[in-house]
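Lettered A, B and C in written order, each chain numbered from 1.
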């Protein structure tokens, strides 16, 4: 039986990966499309309004902008598949190298934010869900509503104000590679991760609470009571695992918002990650870098969703074939 | 249609009145819905009537001599780095928030609901095509997509609004589709088909009204997100442009003077938080009101 | 089928009589139990001063219609009442201990070691993310504190004991990998893990097919004997009560109205409600065929609202024998002087013999429908509706599956022929998943048939263009199983009934308004219902609205898809009568889809029995049922609970197979109790004419006649 289930899981995973590849192609089309099809002449963007028509034409020629769009797309895609995303128009460096340099910092930040959010949210949600309509529940609700309502950049500024300006205990900006200096790395990531994780934490707390309340009404909880399982075991052995499934779905969805937050938060804390790179590229009209970094962020997002889906399939034996979450 | 015209004369039939009274009763006893309504109500009052008393010129009046004034009798919320009154700017910012939230959610609803409804109702290849496209749009982190669009179109409030609207289309499509798929399972839909109703009528007359509740909830919560996103774009300098008194932009401008004049950031921050909180509370409250299964309804009928 | 009283099933000797039971045989005594639910509308008195007792080794049936409070009573006994509910009074005495006074830990131990419970819906009752082995082992551990590995071994034994094949391996599977019947077996295993003295079974077979129901009832009865436990059996199904219970307590509107030994209670009901219930069900069960289309005896009206207090007998409004006395207070449950083993809560129980339930119906044909109904009665010899080789296959695979290979489609309907004559009713019966509902939808072209044809009065329905199909919709209508789901919750009854006429442009505006009123009257409602929303109506009333909507376009053919299976017994009888009246008055043609053979037997002129997408036997109702020739029909009939069995019941093993992977040869052969041999696996049995009916079974072929033990068939 075990091997049959594993085979089923492998099938499911293969299906998800297949879908991912198709979606990635779509994402590459959209990314390329936004930059190249929407009104806005790249050459004009680069050279500015006062450039002479001859210079513009020369630049178009050198960038290959006069070729049909689909040929340019295939060109770009072929490059991406071989690890060549072109060169940054601004910095002149290979886009791929710039991205690889910045990726670890962002991964560290996002990971820290998720860890903070999950470790706080789940216990908080469980307490609130169990002690429904008490002061504990109410307090949790207030914290959660604050979290989903405060803009992350504002919250980041408040944290800087309090911990960096007022108490001067944590650095307000910058990044230290945690592999080189673990303490310094953590100190530098603390404030941005807290700003980034607060909203996620709030969403997860709410979801954990409502999902647990729902599960505690399920038929199997009644069965567990009827067989004399203690209330504690009912929550922790029965309801929590089932309640975690919708929470996992929310994590998958919210990772998207987390990645959006990264762009802003890295800006607030002058944190040298991928988000900041992408944002600079956008400001500089650095089209190759825009394409490369947006595609990378979308890919990382989709990969994290794939992980969430597979985790879901591991936790929920009912997910076999058919459309995933 | 004829039945409707006959009924239209007395729209408020007894049955409707009972139903509305019932909804209103549940709404009134839901503290989240009431709190959300009060917050949004205040915001609307400020947004609609504020500009009658405060002109853009007043809000942008420079008074460099009085820059960085802390909150006090003359300037209840202090002044900024150019000596402008923060309160006046906050008042005008309310309208911008509402405007950007309303229009971008309007765009998202107008495109997302029909797409999701058709996908869910027709099913098959149409469903696959629409929803795969939506999936691809959802593969971009929401603000990143909006950022990219704005960067290409050029930074402005209108472009930010369009970009955010487009970003949220797939969310509405998804919610609508999943609800339509479950309503289509109901027998009354098959009954309508068995009577020979046209598909368009079945979809828009029988199915969608019964799928409305989660869409309304989604709209309210999306308003909150859209306002947050717009503030984020303005904060990055890609939304509202100076001298527009947008809250996100005000926080952007306060960044350099954070230690010196924290009120420059705090009041617009609270403005955004209150607005977003209002829409979140309202959305949550509406969900409870429209979906009473979540409340205490188990009982004798449970057998 | 015989009409003798039908309670001959073996039951344990010591428990048949309760009158002289010594007190130390008493396991459970419930007195004046009161449970309320706090709702927005007020306090619902779900359990209102209930008294009953249960002896060791006894099965007590707690019967009643929905809303009677029987589940709430059962849960109150184990204190399993959830939040808005609260036990506010009374005593639950279990071997001298008051369950209501137990501490939380005491209660947990009580549930762990003394009681077990089986629930109605097996699919939501097991934890979906825990293997069944662990769920059973957990029950073993809480009851006996065994080590984990010992508990696991014990769990496998328990699963084996409740009839899960290959228990050791299946213990590692998750609930969704089991069929509904098997899930219920797992829940039974959990319930008996502590070898409890008391098993509470709350509608344990309601969600299951009749053949699976028979399996579970047999299992419970065996376990009761082996373990010597008592069972509190909650059900709405009087047949099941007859089948399994020693004593019965009948509940109505939160109160026990009558209790006593099953045998005497059924043969000699003392409460008018019991009498009425039996009247509505007996006339279905006793084989009254369609030849004499007598209406069923019905209890009119519906159960009162349980909100607030009452100052009259709760049954007075529906009781044919109520007097002034009955309007003063609800009577107490008191022993019957002449028969101390029985109790009844009725002031006038001595007069119950004089109270009669009748169904008087004034013919109220719809004036405006007769013009179109003319000529419907006689269609010559031609059937009104005819299907030929109707097929519906579903292709469930996605693009990736298709790419990997050509998968088998789901053969929901696999070539069926049905003919329905003018003014008659044909029944289509079978277990769930046999394709009967799909067949009906394909017939109406609500789903496109894969192959085959449907003809209505010389019009080819399958070939009709969209305009022609739309006008055909006026002739072919449908009534659904779940009345709540069949009405748009956002439309009033008036809008629902009127819309079909607007759609098809029937009559003038004024006519339509009149006809709405006439229709609503014809289905037994009145104009005050027109402005209501569906959720403000009871299930029976909703079903009446559904019928009125179907009638609004003046159809000739109505597909009735399980029209009464979602309704209570007394309401079922009301709806069946209504349908019979309408058929008589309007010359309607019915196709009745049902899993309930007693309803089919009562209503239908002809019957077709479906199994796995095919019709295995069809013919006139008497010919098919009396006696059944096809082994599947025979098994279905044998599985009906509460009917007399001359011999051991045939309990069909297993479930309906997966319709995407049909067995070779005769599709029934893997489950067939009368399989002849290899020929059944090899050859698809062709239809054979026997006694005026058609049967698809090798048993009917002459060359196998000598291999058949006919003695056991008859």
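In the analysis below, a residue touches a chain if its C-beta (ideal position, glycine included) is under 8 Å from a C-beta of that chain, and two chains touch if they have at least 3 such contacts.
Note that the structure is predicted; figures quoted are calculated from it, not measured.
Centrality by C-alpha centroid: the chain sitting nearest the overall protein C-alpha mean is C.
Across A-B and A-C, it is A-B that has more C-beta pairs touching. Centroid to centroid, with C-alpha atoms defining each point, chain B and chain C lie 47 Å apart.
Remark: chain A and chain B have CA centroids separated by 23 Å (rounded to whole angstrom).
Chain centres here are Cα means. That of chain A falls 51 Å from that of chain C. Listed for chain A are residues 217, each touching two or more other chains. Chain contacts: chain B has residues 298 touching two or more partner chains. Listed for chain C are residues 82, each touching two or more other chains.
On chain B, the positions that touch chain A within their shared complex are 132-133, 135-144, 147-149, 151-154, 224, 228-229, 231-232, 235-236, 238, 248, 251, 254-255, 258-259, 262, 265-266, 268-269, 272-274, 276-277, 280-281, 298. Across the interface of their complex, chain C is touched by residues 1-3, 6-7, 13-15, 19, 186-188, 190-197, 206, 209-210, 295-303 of chain B.
By the touch rule above, chain C contacts chain B in their complex via residues 37-40, 44, 46, 66-72, 82-85, 203, 254, 306, 441, 444, 446, 469-471, 473-474, 476-478, 480-482, 485-490, 492, 495, 498-500, 502-504, 509, 512-513, 531-533, 536, 546, 549, 553. Those residues of chain A that touch chain B in the shared complex are 22-24, 26-27, 29-31, 34-35, 38-40, 145-146, 148-154, 157-158, 160-161, 165, 217, 256-261, 263-264, 267-268, 278-279, 282-283, 285, 290, 294, 297-298, 301-302, 305.
Interface residues of chain A, counted against chain C in their complex, comprise 1-2, 15, 18, 217-220, 222-231, 237-238, 241-242, 245, 315-318, 321-322.
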